[in-house]
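Should a chain be cited, it is by its letter among A, B, C and D, assigned in written order, with residues numbered from 1 in that chain.
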Amino acid sequence: MAKCLEPSTEYDKRYLWVDTLLILLIGLNVIALVLHSIEAIEQVYYQHFIYFELLSIAIFTVEYAARIWSCVDTPYYQQQAGSNMQKRLHYIRSPLAIIDLLAILPFYLGFFIQTDLRYLRVFRLLRVFKLSRYSRAMQLLLNVFKEERYSLFAAFSVLFIIMLVAACAMYTLEKDIQPEHFSSIPQAMWWSLVTLTTVGYGDVTPVTGLGRLFGGLITIVGIGMVALPAGILASGFSEQLSRRRQFFQLALDQAFKDGKFAEETEPLLKRLRAELGISHTEAAIMRELMEKRYQTLHFNDTAGR
Amino acid sequence: MAKCLEPSTEYDKRYLWVDTLLILLIGLNVIALVLHSIEAIEQVYYQHFIYFELLSIAIFTVEYAARIWSCVDTPYYQQQAGSNMQKRLHYIRSPLAIIDLLAILPFYLGFFIQTDLRYLRVFRLLRVFKLSRYSRAMQLLLNVFKEERYSLFAAFSVLFIIMLVAACAMYTLEKDIQPEHFSSIPQAMWWSLVTLTTVGYGDVTPVTGLGRLFGGLITIVGIGMVALPAGILASGFSEQLSRRRQFFQLALDQAFKDGKFAEETEPLLKRLRAELGISHTEAAIMRELMEKRYQTLHFNDTAGR
Amino acid sequence: MAKCLEPSTEYDKRYLWVDTLLILLIGLNVIALVLHSIEAIEQVYYQHFIYFELLSIAIFTVEYAARIWSCVDTPYYQQQAGSNMQKRLHYIRSPLAIIDLLAILPFYLGFFIQTDLRYLRVFRLLRVFKLSRYSRAMQLLLNVFKEERYSLFAAFSVLFIIMLVAACAMYTLEKDIQPEHFSSIPQAMWWSLVTLTTVGYGDVTPVTGLGRLFGGLITIVGIGMVALPAGILASGFSEQLSRRRQFFQLALDQAFKDGKFAEETEPLLKRLRAELGISHTEAAIMRELMEKRYQTLHFNDTAGR
Amino acid sequence: MAKCLEPSTEYDKRYLWVDTLLILLIGLNVIALVLHSIEAIEQVYYQHFIYFELLSIAIFTVEYAARIWSCVDTPYYQQQAGSNMQKRLHYIRSPLAIIDLLAILPFYLGFFIQTDLRYLRVFRLLRVFKLSRYSRAMQLLLNVFKEERYSLFAAFSVLFIIMLVAACAMYTLEKDIQPEHFSSIPQAMWWSLVTLTTVGYGDVTPVTGLGRLFGGLITIVGIGMVALPAGILASGFSEQLSRRRQFFQLALDQAFKDGKFAEETEPLLKRLRAELGISHTEAAIMRELMEKRYQTLHFNDTAGR
C-alpha cells in the first residue's frame, strides 16, 4: 500500500494517481473554505458545503490511517530498527503526520466541544500545509531558513528592539497631540511596526515637527530592516548552491581518481546532477575543467620521469 | 530578405535601418495608445489616431508575413531538417512569432466580432512585447528567471499560503467590527495581499487590539516575503556570473594547454570575453593568474628533471 | 566571582543561572515599561511598578559593581599588563560597561535633577541593550555592519542627497497648490523621505500632473534606495561566510601538512567548526576534497620518483 | 597651486585645509537653501541670505578658476600630451568641472535672463554634487552601478512595460466607477507606479472586485520589481569584492614567485591591501594559504629530485 502514497524508484502509476487526487482535494477544500465565507454563496449552497466537508474528512481520515499503517514499508523505516508498532508511533510524531492529524482533528473535536462552528472552520485551512509534502523547491526554501535561523532570529531581534525604542520615543513625542493614536506604548507600536516594515498604511502618522524628524529617521532604519533578511537569505541561497557544487565536485574527483574519467560512474554522476539541481551546462564545464587539470598534471608527471 | 530582419555576422545597413524603424513604430504605437485615452486629445485628433492605427497594422502585417517567409534563410533554420513549409509552420508557433501575431490579430478580429472597440484597443499594448526581440540584457533577466523558476514558484506558493492564512485569521477577528472591509475571506485577501507585499495602501487596516497584534505579525512576515525573491534572484545573478567566468576559464585553459599562451587563440578569447560580458580588467587578471600558475608548474617541472 | 558573570571554558552552573536571571529581569523590565504606559494598568498597579523598579535598580547596580570588580579575573584582562585599578578603569570605558551604566544612571540622576519623571522613564528602555552581551548571532550582524560601514554610509549619503533634491523639486512644483504640505523644504522632506523609503503613508501626495510625473520618478528611485543596502549587506554576509570557510580551510591545510590527515588535530577542528558556524556536511565535504587532492599529489609524487 | 586642491602623495596641510573649508561651505549652502524656504526665517534674515550667497558665489568662482588654471600640474594631466591650453579645455569638459560650473552658472545667468528668482534658487542645490569629488565609497557605488548598467536598464525597462500594462488594464476596469482617478491611462499610471514600487500611498486604490483581483496581482509583481535591482546590485557588489580579492591574489603570486615570500614586496602589499579595502584578517589568511601551497609543492619537488 505504501506504493500508492510514498514515492519510489520504480515508476508506479497508482502512486501518481492517488497523489494527484489528494492535491486536487486539498485545493478544492481551500476553494470551498473561501467560498463558504461569502454570505450570498453560503446561503444557497449551505447543504453542498456540508456534504463536501464530510466527504473530505472521510478521505483525509482514510489517508491518515493508510499512511500510518503503511509507513513501515517505506525505505526509510525499513532501515530503522524496532517493531512495526514502534515505527508507527515514531511516524505519528513526525511533522508531516501531525499536519495530517491537524487537518481532520477539528472536525472530530466538534462533536465533543460546544463552540462557535465558524471559528472551527478556519482550522480547515491547516489542510493547505498538507501540500508541503509534495514540493521539493519548498524543502530547499525551508533548508535555507533552517541554516540561517540564527542570523534571521538576530535580525528580527534587532527589529523588535528598534520597534520598542521607536514606539517609546513616538509615545513621548506625540501622545499629547494625538492621544487617540499614541496614548500608550502598545498603541505606538502599531505605528512603529507599520513604518519599520515599510508597509506604511498611513492611518497613524506623526504630525509634530519633532515627531516627523524622528519618524523620518525610523523610515530610513526601516530600509535597513528590510535589507537585513534579504541579505541573509541571499547569502544563504548562494551557500546552498556552492555546497551542492562542491558536493558534485567531490563526486567528479572520485570519478577522476585514476587520472582519467571512469566511464562506469557516468550514470551515477547523471543522477547526482539531477538531484542536486545542477544544470547540464554547469556540469559539463566542471567536468571539462577537471579533465584539463588532470592533463596538465599528467604532462608534468611524464616530463618529470 | 532575412538579412533586413535577422542579425547576421556581416554588417548590413538595411537590417539596422529596418530594426530602428520598427522599434520607433512600436514606441509611437505605445504613445498613441496612451494619448488616445485622454479625452481632450482624443476628441480633437480622432481621425489622426485611426490613420496611424491603419498604417501601423499595415506595416506590422507586412513585417509578420516577411518574417514567416524569410525565416528559412536564418542560420538556425538552415541547420534544421525538413521542407521550407515545415520550417515556416514551426516558426509560426515560436513565442516571438506569436507575439507578432497578437499585435495585429485584435484589429482583424474586430471585423468579425461586434464588441466595444475601447476594450479591443487595450490589446494594442501587446505590441510593446515585440521589443523583447531586441534587448540582450532582458534575455539575461529572463535566463535568471528561468533558472530560478522552481525556487521563485516555491516562494510565491509560500506567499499564497500565508496570504490565505492571514485573510482567514483577519476575517475571523475583524468581520464583526468592520463588516464593510472583512465580510468575506476574498475581501480580507485584499488586505492581506496589500500588507504582505508591503504596499500598504491603508484603505483597509485592522482596528481591534487583537487584529492589530496579528496584523503587526503579518507586516513582519511581509519583510520575509519581500526578502525571499530578492535573495533567490541575487543568488541567481551571482550564479550566472560565476558560470560565465568558469566558461571563460575553460577557454583560457585551452589556450594554455601547452604550458604557455597560444597566441593564435587571442581573437577567439576577445570575442568570447565580449559575448560573456566579462570586463577587460577581469579577463586580464584571470589570464595573468593563469600565467603565474604555469610558470610555477614549469619551475617545479624543471627542478624535477 | 567572574565565573558567575563571564563565560568560561569550564562549565559553570552558577554562571548559567545568573545569566538566565539577568536576561529574565531585562525582559520583565521591558514588559513593565510597556504596561506602565497603559493608563488603566498604571493607575491600579502604580505601587507595584515602583517596587519592581527599585528592585531592578538594586540588582542592576550590584551587577554593574560586580562586573567592574571581577573584570580583572577574565582571561582577556589577565593577559593585559597594568594594575587591577587600571584594568577596571579600562573596562568602565568599554561599550558593554557603558550600556550597563546607562541602564541605572537615569534613576540616580532623578535625585538631583528635577524633571518630568515620565520622560526619564523612557530611558529605562536602554536596559534592553544589555541583552547584546548574550547573543552571538547579533555580534555577527554587528560585524557585517562594521565591515560594510563605508559602503552603507555612502548609500545613505546618496539617499540623503536624493531626498534633498526631491524635496526641493516638489517644493517648487506643489507649494502653490498644497501650501499646507509643501510650504517649505523641510516640510517637503517629509514627503520625499516617506516616498524614497517606499513607506508611502499617503498623508502627503503630489496632486498636480507635473508633481505626479516627478513623484513617480522618485518612487522608482526609491526602489534603488531599498536595493542598495540589501545588495551591500548580501555581499557582506557572503564575504563573512567565505572568510570563515577560508579560515577553516587554513586549519585543514595545517592538519594535512604531512600529506595525510593528522588525527590529533581532530578535536581542534571540531571546536573550530562549531565556532565558525560551519555545518557538519560542509566540513565533511571540505575535508574529503582535501584528501582527494593529497592523494593525487602523492600519486604524482610516487610516479615522479 | 594644484597642491591645495588635488590630493598628492606628499602630505600637504594646505590641501587638507582648503578641502575641509570647501566641504563646510557646501554644507552651509545646503542648510541656507533649506532655511531660506521657511517663510518665517526668510523674512527676518533676508539680507543675510543675500550676503552669504554672494560670498559663496565668490569663493566657488575663485575655486573654479583655480582648478582650471592648476589642472595642468596634476599628475594625470602631466602625463598627457598637448599644450596647457588644450589640457585646460579638456578639463573644462570633465564631469567634475561641469558640476563646478553648474554650481555658479545660475547666479550669473540671473543677470541676463529675467525670471522668477525662486526657481533659480533651487539650482543652488546642484552644489551638493560637488561633494562627490571627496568620497571614495561613493565612487565604489558608482562603479557597481556602471558595471551593472545594462542589467539595471533591462530591469527598469521591464518595470516600465509592466507599469504600462497595469495602467491600461486598470484604466479599462475602473474608469467607469472612479472617473476621477482612472479617466485616462496617464492618470492610471500614477496608481500602477505607486503600487509596483510598493510605495502604496493609498490615495488611488481599486474598488471593484475585478480591479482588486488584478491590483493584488500587480502588488505581487511589485515584490519582483523590488527584488530585481536588489539581486542585480547584490551580485554586482560581490563581483567587485571577488575581483579585488583576485587582484590581491595576483600580487601575492608575484611576491611568492620564487617559491617563498619576497620580503621586499611587504610595503607594496600593505599599500595594495589598504587601497583595495581588503581587511587585515583576509589578507593574512590569503598569505598563509599561499605559504602552505608552496610548502606542499616544494615538498613534492624535493621528493621528486
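Simple rule for what comes next: a residue touches a chain if its C-beta (ideal position, glycine included) is under 8 Å from a C-beta of that chain, and two chains touch if they have at least 3 such contacts.
Bear in mind that the values here come from a model prediction, so they are computed numbers and not experimental data.
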Problem set entry | Chains contacting each of chain A and chain D, listed by label | B, C
Problem set entry | Superposition of chain A upon chain C: rotation angle, C-alpha, nearest 5 degrees | 90
Exercise. Comparing each of A-B, A-C or B-C with A-D, which pair has over half of its contact pairs in common by residue number?
Worked result: B-C
Problem set entry | Most remote chain, CA-based centroid, reference being chain B | C
Exercise. Between C-D and B-C, which chain pair is linked by more C-beta pairs in contact?
Worked result: C-D
For this session: Have a look at where chain B meets chain D and say same if over half of the interface residue numbers show up on both copies, different if under half do.
Result: different
For this session: Just give me the whole-number Å value for how far the CA centre of chain C lies from that of chain D.
Result: 27
Seminar exercise, completed: Whole-angstrom distance, CA centroid of chain B to CA centroid of chain C, is 38
Exercise. On chain C, where are the residues touching two or more other chains?
Worked result: 186, 198-202, 226-227, 230-232, 234-235, 238, 300, 304
Exercise. Given the complex with chain D, which residues does chain B contribute to the contact?
Worked result: 30, 33-34, 37-39, 118-119, 122, 125, 128-129, 131, 135-138, 140-141, 144, 156, 159, 186, 189-190, 193-194, 197-203, 225-226, 229-230, 232-238, 240-241, 277, 279, 281-282, 285-286, 288-289, 292-293, 295-296, 299-300, 303-304
For this session: Using the touch rule from the top, collect the residues of chain B that touch chain C in their complex.
Result: 198-202, 227, 230-231, 234, 304
For this session: Give every residue of chain C touching chain D within the complex, in rising order.
Result: 147, 150-151, 153-155, 157-158, 161, 164-165, 168-169, 171-172, 183-186, 195, 198-202, 205, 209, 212, 215-216, 219-220, 222-224, 226-228, 230-232, 234-235, 238-239, 243, 246-247, 249-250, 253-254, 257, 259, 297, 300-301, 304-305
